[in-house]
Structures are given as structure tokens and as C-alpha cells.
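You will see chain A twice below: alongside chain B first, and alongside chain C after that.
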Partner chain A sequence: MILQSEIRPARKRARFLPALAIALGALGLFAAHDAAAQKITVVASGGIWLESAKQNFAACYKERTGSDPDILVLNSGEVINRIRANKENPSIHVALLSEIDAIRAGREGLLDKLDASKAPNLKDVPEVFRKQWDDYATIQNFGAMIVMYNKDKIKEPPKDWKTLIDNTIAGKYGNRVSFPAVTMAWGPQFTWFLTTLYNGSEDEVFAKYKAMAPNIAKYWVNPVDAINMFATKEVDILVYWDGRAYDFAKQNAWAGAYIPDPGAFQSAAMLAKVKNAPEASWQYIDCVLSPKAQLGHASMIKYPVVNSKVVYPDDLKAVLTPLEKVRQPEFLKFMDKIPAWIERWNKEIQ
Partner chain B sequence: MMPNRFRLSTLAFLAPAVIGLLVFFIGPLLLNVEVSLREQGGGHGLAQYLRALGDAYYVKVWLQTIVLAACVTFFTLLFGYPFAFAIARSRGPVKGFLIFLIVTPLLINVVVRTFGWMVVLGRSGLINGTLRAFDLPTINMLGGWFAIGITLVHVMLPFMVLSIASALEGIDQALEQAALTLGAKPAAAFRYIIWPLSLDGVITGTLLVFSLSIGSFVTVMLMGNNRTMVLPVMVYQQLNLSSDWPFAAALGMVLLVTVLVISGIQLAIGRRLRRGQA
Partner chain C sequence: MNRWLKAYIALAAVFLLLPMALVVVVSLSSAQFVIFPPPGFSLKWFARVLQDTSFMRPLWNSIQLGLLSTIMAAMLAVPAAIVLVRRRPPGAEAIQTFLLSPLALPSLVLAIALLFFLSSIGLGNTYIGLLIGHVVIVLPYLLRTVLAVYSASDPRIEEAAYTLGANPWRAFWRVTLPAIRPGLFAGGMFAFLISFDEVAVALMLSNASNMTLPVSILGYLVNNYDPAVAAISVIKMAIVVVVLIAVEKFYGLGSLTLPQRGGTASHG
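And then the complex of A and B:
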């Protein structure tokens, strides 16, 4: 026989256990929320870049905070659109942007100004890498658009850009040449660079684009598509980024890569802290800019980095485009012309 | 009382889907309409639509988009119908193999399939390699409407084949046999029995393929060039390069309305055809 007094504690237990489970659950949720608050989301490009971000930047961040960042592979347009979509609670905390998107994001109030008291390695980044962005972003690494060519087909590659353009117009390379399109993410910068070769005349540059068109296999928009065209020997001359070009040439004896005179334009990846992102984001930015991570990154992706304390080994230095060979585009002078350039490109270059 | 209760329970079952549609489809769509009406100096108006429909270049792009989708739909139907017929009439392992053939490409990302076609159509690709082996001149097939068309037809084929095959499988073969027994030639049996009864599948397939083709972006971008501009690529440019959201939104709305109108016309034609056959 069960006594009433024995039932009561059992009932109490029955009431207490669910309450305890709820309390523990709430505690767990709170703890999970706290952990999530420390979790940051950052951006990288694909391929070897992603590997470098994991090995160099994320590893440093984990060493400092004990937490792994979530790394997303996104292009600049996707990054800025995602930040715009949720400004109060951004889904990306440390952004990797193109130079123009970084200026736009700064103007739109989507970014926090970089602060050397929160990311001390910023002190070793020369001002030239931040000035045009009004300290809303810093260059993380940079490259240049150079020329790749098929050594078996092109015995004497043109020494300078103007000769390359004139030879292409003359049909000297058949229609086996590929230049970037204005509609490629860094196309407007390339167009600006060409204007510097033609007395600042946009009209002349567009006339050259138009005259080259019959002998251009494709004005490329997608970088993967471009390198595939060259790798499958669809084109003999390709205007492409230096790091990947040198790396390709190193692995394929038939391919060559060089910087035509008078140099190239600087093509950079911009690092920025998104407004309303967790404070831990500063740790990641500081990691990216630390001399150790910067050197590791340069070694892997073969692009120059910006921390002035980085000392490149000789073999690496040989394949990095020197700073004196690149011109930083004057973004503020031409970025408002981009929509008109794109419209002109679409309508005129057929 | 019963019908009311039935209506209430039906509504209850429909509610999640309706709420989902309102929140995740109609809501963003209304937002998009609002963005498309924004004008440069502030305020709202039809400036973006007038730009999209009043400029000869954008009208040409709009027409190119429709013609591309229509051609892809036509060729997908042309190649897909016999394949669907073969699936519907085969049995056992052959049927399994044919279904496997048509479904497998769906498991591969569209970007990979597009790069695959680049390898086939490229200067050093399969076709040109064969031509070169016979000392024939090579053909530049990449970077144009042909390359885009052939890739899109390949990408869209499973949607057409599967829609038609399911309709063909529902046709009672005794009807066709009766026609043949009564002296109809195979072509007549197809014309008066099989084709009308498979129209539902054809309409579903063409609607699916047309709406997917008109919005296709990756294939056009990778296989085309500056001449092969279509509205989805234009929207991408305006969003990511020009950062002109109102114009991108207006182009998106033009695309959506185009799909809705053409789909409506397709459905009306289908209905008329079915009525005519009945």
C-alpha cells in the first residue's frame, strides 16, 4: 500500500524535474548565445586564398581567442549586399571587399573606422594603403594585372601595353587574345589605368576597346573562365593577375608572364570591420595584419602584403610585383563614372 | 455544417504555405517594386521603367532574353520528346538506364556542366580535336549564342523529359493499338492519340524550361560574350558593378512580368489546344 506522504515527494519530483530541465535548457541556450557572441564570420576568396585564410589568419585568431571564425567564400558584391541587408545585426563581421565597394561601404556608414588601439598591427601598415578609404578599410594584400602568354606561339611578347593593344588591333595574334571586360569586378580600374596611357582620354580607350574587339577571343568577366581559356590554349595572350599568372607559368613550361611597361595598376583586397560586428572582430583584423600571418599569406598566394615589418625570402621576392611597378588607381576621380562606363561598354563594345 | 468544417480545416492546412508565401515571396517582391520606383533626386516615379523600356539597347536585351528562352524551350522539346517517349515505352533495365542518363546531370552543378561544354566546344576540345585529326579547319564555337544554346538545352533537358515522360506513361497503350488495328498509320496514331494526351506534360515541361531559361545567368555569363547580353546578366551588372539598385530592381520586375505574361499565353494556348482535341 502506498501512503499519501510517499506520493507527495514523488509528485514534487515530477514537477521539479521538468522545471530543472527547462532551467538547464535555458542555461544551455544562454551559454550557446554567449559562445555565438564570440563567434565571428569573416570572408575569403576561394582556392589557395581560403587555405591561406585558414592556416594563417584563422589559426592566429584561434590562438588568441580559443575560437574558430566562420570563413565564407564570397565575392565583393555579395559581401556588401549582405551587409546592406542587415545593418543592425550584420551576418558578416570582417569584410573582404574590392577597393570601390570598400569606398561605397565607408560612405554608406556600413563600416567602423580602423582603430590602431584595437588592432595594433595597423601601425605598421603605411598610410598609402588606407588613405583613399579614409581609414574605413585597409589593403590586406595587392597584386597587378599583367600579361600571360603562350611561349610556343608568341616568340616576342610586346614590351609595353600600347604595343600589345596596337598589335591586337592589327590582328598580329589572330583572335587569340583576352583582356578583362569593363564589367569584370576590377574592369573599371583597368580602364582607368589605360586612360593614364592615353592622355587621360576615356574616348580613346573605348575606341581601342572597340578596335580590338574583332581580334579578342573574349573580354573576360569571370577569372576562373579566363585562366581556363589560357590553360586550354583557347587564347595565347591573357591579361591576368600577377600571383596566379606567375604560379601558372611556374607549373607550365609553355607559359610565360611579365609586366609590360610602364607597369601595372594596383589591384587590392580590402579588409574592413563591419559596423555593429562583435569586438572580437578586431582580433581577427589584427591577426590578418600581423607580420607572421602576412608573410604566410604572401608565401601561399604569391601576392605582396602591406605590413612594413614583413621581410620576404629571396625566392618569394622574385615572384612578387614590386610596389614601384604598380600605380594605385585614383578611385575618387573615376568611381562615379563607373555606371556610365558600364553602359557605354554594353552599348558600344559588341 | 460539414462543408464549413471542411473549409476551416483546409484553410488551416493551407495557412503555413500562404503565410510563407506572403512573408518570403510577396513581401520581398513588394519591397523590390518600391526600390524600382525610387528616383535619383529622391521621391518615387517610373523613371527606371522608362529607362528600361525606352532605350533601344535595353529593349534589344529584353527581346534577346525572350528569344533565347523560346529557342531553348523549342529545342529542348524537340530533343526531349523522343527521349521521353523512349523512357515511357521501355521496360526493365533499359528504362532504368535511360532514367539514370537523364537524371544524372541534375546531380552535377550547372557551373561544372558549363565548364564541361567549354572543354567540348573549345579550340582544343573534342569537336575541334576531331576536325584537326582529319585536317579540317577548326571552328570557334565558344563565346556566342550557339554555345549558350547548346549548354542550356543540355541543362534544361531533364526538366522537359521528366515532365513529358510522366504524361506519356499515363496513356493507355490500348488506345494506340486500337487506332493501329483500325488502320491508322503510326504517324496518325501519334497525331490524334499520343500527342493530344501528352499535352499536359508538354505544357508543364515548356513552362518549366521557359521560366528557368529566361532567368539563367551563369551559363550565359560563362559561355557568352558582350553581344550575348540578357536581362539576368544585366541585373547582376547593375547590382554588383554599378550599384544601381533601383534600375536593377526595375529590370528584375520587367523580367518577372515577362515570364508571367508569356507563361499565361502558354497556358491559354495549351487550354485551347486541348479543347480543340476534345
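And then the complex of A and C:
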């Protein structure tokens, strides 16, 4: 009987070496493919946001440099992980981050400070959009969390947030109301905003969350679930993003959207240049902040942008939350409390 | 089969098929939002996704990656199974457990670990890195089924081939491979489907040119609430169904079941 162990080593090598050569060749081809594709990589959100990034930002970049950027659809946490994984040779060059991740990334040394000599359109971005981030990032566009309601069911929507909360606690709307959960990505910002309505008291805000709970259909975490609940008329009042809310109301006559007094908190997408990214990244950042691309972006996504030279047409202006109606969260004051807030939420409310 | 068993099977079938049926109905909705029941029917979401490169390119990437990772995993699983079953080297149980260990890890943890490791050797967010990640994910499925089938096969048939003068390659090609083919095919199908559906590893390791369909769908879902996602999901389901029908037509799903004859080893 011939056993496999009896095969002579030389014959093994003779078979193994060509196979190894083929494998290495294949790896070489993959590596060459990756090397050939090396260009700047930027981040966008999905769907209409991705379309806007292609049509407005990438088109401008191509006009200037002759090449297309690679656009990745990722959320802020995934972006941060990728940058942390390879600081010397980052796979992402222009990042789109949440406000808090942008502060953390700046502190960790993952970002370059924005430089108006390299991205001249930065000069037209007011300081308020960059100051809390110590110039490591700038707001690209911002939104606000407002109230959507079913006009057929809610004849007199509450004028201000406190009345909405008190009416919900009193059961005036049944249990057909939905607020964001603290565990939602921008939930801590909303909680901070509510503390500003209740003398800065976190305890009072959590007491309100608890008191509202029996009359809340769902504290939502996923924005798509939330809008679906409203669209299917499972809830009559939904606290939701302004751009999407106005867009929905425009398409559905029974739906309304408004900003309760005294306004709303600002939520933003932060644009930043990753440390050790190619110099061409500045061109992309300058493109994103250019008046033409900013207006194109606002027109598509229905959220306000930050270049002070942008002039909105009247129909667009009507559905954008004005800057004076939004309050920028004081991230540095509350960001370290977020883990405790989430723990408290999980223990007391959920 | 008694009445209760039939009712139970029917209930299980409804439980499995109903969510898919709902996705199909929503994909045909004329509404701008995911509403059930839909106010009317339209094919506009299919037209939309078929023209959208942000769905179609990832779909093609997913098919390629699924096939390639399955082939590469098979190239690792088959020799591993042969050694583990016939040679029983010292520590065979430990080696087998090690090779199956990706099943025990949460895929997100595995994805982040792979991202940091592959980045440290220069393969982070490259196609090779993504392929390695998917091979790691799908290998246990292939190895498990090949081990089960190979353990149940009779080693004397291979020994007979050697006795009759077959060299190892010929014995493998003529005897071992036909014996493990059902396991290889079933495991390969599992492996392809696992890769085709995988999100976490692709989310961390893909780049703009090799983004997979599940990652693209996830990115779209986070920011959009129209039925386009249902339409692309139906296309994805259709591909899986077509694969199964093709397997049935050309190979026969029945032949993928494990051999009835008992074997000498205890794997599986």
C-alpha cells in the first residue's frame, strides 16, 4: 500500500512551488488593483446624501483635479475605527463625523487643523461652526429636531416643548407620541437641550422621560422606524429631524411639521481632514465648503449649510430651520456625562 | 403524517415565508414610504435600484466576493479535513476547535480585530484584506460539513485506491473528492450565502470600490425610508432562489444530504 507520507519531498516541492507562484501572482494582481485605485477617499451618508456628495462635492473636485474621489458610506463610529486602525496611512482622507466623535478625534490627534490657506472657502464659514471643535472640524450642514404631527388628529399642536411634554404626561394624545431615546445617536444632545428648558436639571429631565413613558408609543432609536411609525399613523406626534419632516409634510397633506418654542438644538455633520491624508484632501474640503456646492447640497438634502455666501431661493428657505432658531449643544459640558445618562436611561426608563 | 404535524409544518413555513412575502409586497409599493398595506402597486423602485450604481456595483461585488471566498475557504477546508480525519495529528481536536472558532466570536468583534490586525500589516481596507476576512468567516461552515461527510466515508476505499497503484493526487481526485462532494457542495453553498449576507466584516474592511451589497443597504437604510431597500432585497432573494433552483436542476438538492452509511470517526 502506498501512503501519502511516502511521497518524496522533491515531488511535493515540485507541485507546491508552481501553486505558490500562482497564489503570489494572484495576490500581486489584487495588490496592483488596490494600488491603482489609490486616490482620496471621502465619506458620505447613504441615499440622497450620497447622491448629493457625488453631484455637488465630487463633481467640483473632479473639475479641479481631474479625478474622482472614492466615496464611502459609513457612520461616524466606523470612520473613527478605520482611522484609529491605521494612523500613519489612513484609508479615509476626508472624514464625516458626529459632533462628539469630531471632538474626540481632534483630541486623539487623528485630524489636522483646518487651514484657510489650503481651503480658502473656510474663510466664509462663521467661527461658530468650528469653535467647539478647536478648528479640527467644521460643520458641513446642520439640522434640528422638531415636531411632526397628524393634522387630522391634532388640531392644536402645542406651541412649546414644555407644553408638549406636559400634555403627553397628562395623556392628552393617548399613547400616540414618539420621542427619541437617549440611546439614539443624537439622544444625548436632545437630553441636553431639554435640560436647558428645565433649569439645567438632568434629574428633572429624566423625571419627565419617566412620567411620559406610559403615554409614549416608542422612544425611538432608529430614524427609519420612527418615520415609518408616523407614516403608518401609529403615532400622531413624532419628534424628528426637520429636513425629513418638512419633506414628508410636503408630500402628505395630513402631516404637519413645526419648530416648538423656544427653538431646537442643532445637530450637525462634521467635516474634517484626517492626519496624514494626501494634500488633495484640502481640495475636496474646499469644494464641500464652496458656495455653489453648498447650495446644491442644501437643495438636495433640505438642510441648512454653513457658507455665509450661500443665498437660498425662497422655496428652499421656507423649509430650512433658520440658524437663530437652533441652539448649538455645549458638547464640552455634557459629553463626558453621556455614559452615565445612557446607564440611567437603561435602568430607569427602558 | 398526522394532522398536527402537517399543521405544525405549515405554521413553520408561514413563519419563515411571511417576512419575505411582506418585503416583496412593500417592494411593489407605489408609496414614497414603507407603508403596509401599500396604497397602490408599481415597479418604480425596481427601476430605481436597477439604474442605481450604488446598489448594482455592490451587488456584483458581493457575488464576486462570495464566490472567491468560498473557493479559497474550500482550498483550506479540504486539506484540513483530510489531515484531521485520516492523519489525526497530535492536537487534532484543538486544531479543529481553532479552525471553527470564528463561529464563537461576535462578528463585530472579529471585524474590528481584523481591521486593526490587517491594517498593521498593510492590508487594511484592501480587497485582499476583505477577502481574508470573508474566508475567516466562511471557513468554519465549509470545514464543518466537509469534516462530517469525510468522517462518515469509509477509509478502506482510499486505501484500496492506493493499493491498486493510484498516486495521492489520483486517489484524491477519483476517490476522496467524490466522497466529500456532497459536504463540499452543501458547505460551499452555506459559505457563499454567509458571505453574500455578511455585514460586520465588510463594513470594517471594504473600501469604496469593493463595497458589498449588505453594507450598501445598511448605509441606505440609516438615512432613507423609501421602499428601494425592499426592491434590492427582493433582487437579492431572487439571486439566492435562482442559485438553489440551479443546484436542484444540475445537481439535485437531495444529493446534498449526508451519506446514510455510518463511518469510523465521530465528527459532525
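In this text, the second predicted complex is superposed on the first by the 312 of 350 C-alpha atoms of A that agree within 3 Å, B and C clash if a C-alpha of one lies under 4 Å from a C-alpha of the other, contacts with A are read in each partner's own complex, and residues count from 1 in each chain.
Operating definition for what follows: a residue touches a chain if its C-beta (ideal position, glycine included) is under 8 Å from a C-beta of that chain, and two chains touch if they have at least 3 such contacts.
Keep in mind that what you see is a predicted model, and the values were worked out from it rather than measured.
*Asks:* First (chain B), second (chain C), both or neither: which does A:G77 touch?
*Replies:* first
*Asks:* Now for A:Q251: first (chain B), second (chain C), both, or neither, which partner does it touch?
*Replies:* second
*Asks:* Tell me which partner A:N86 touches in the superposition: chain B (first), chain C (second), both or neither.
*Replies:* second
*Asks:* After superposition on the shared chain, which partner residues are touched by A:E234: those of chain B (first), chain C (second), both, or neither?
*Replies:* first
*Asks:* Of the partners chain B and chain C, which touch A:K210 in the superposed model: first, second, both, neither?
*Replies:* In the superposition, A:K210 contacts neither chain B nor chain C.
*Asks:* With the two complexes superposed on chain A, say which partner A:P223 touches: chain B (first), chain C (second), both, or neither.
*Replies:* second
*Asks:* Counting residues of chain A touched by each partner, does chain B or chain C come out ahead?
*Replies:* Partner touching more chain A residues in the overlay: C.
*Asks:* Between chain B and chain C, whom does A:S45 touch in the aligned arrangement: first, second, both, or neither?
*Replies:* After superposing on A, A:S45 lies in contact with chain C but is clear of chain B.
*Asks:* Following superposition on chain A, which residues of chain A contact chain B and also contact chain C?
*Replies:* Looking at chain A, the two contact sets intersect at 75, 78, 81, 228, 232.
*Asks:* Once bound in the complex, which stretches of chain A touch chain B?
*Replies:* The contact residues of chain A facing chain B are 75-78, 81, 104, 175, 181, 183, 185, 187-188, 213, 217-219, 221-222, 225, 228-229, 232-234, 338-339, 342, 345-347, 349-350.
*Asks:* For chain C, which residues count as touching chain A in their complex?
*Replies:* 31-36, 54, 112, 115-116, 119-120, 122, 124-128, 131, 159, 162-163, 165-169, 203-204, 207-209, 211, 215-216, 218-225
*Asks:* Applying the document's contact rule, which stretches of chain A touch chain C when the two form their complex?
*Replies:* 1-4, 7, 15, 27, 30-31, 33-34, 37, 41, 45-50, 70-75, 78, 81-82, 84-86, 89, 91, 223-224, 227-228, 231-232, 244, 248, 251
*Asks:* Touching residues of chain B toward chain A in the complex: what are they?
*Replies:* Residues in contact with chain A: 57, 115, 118-119, 122-125, 140, 142-143, 221-222, 225-227, 229, 234, 237, 239-244.
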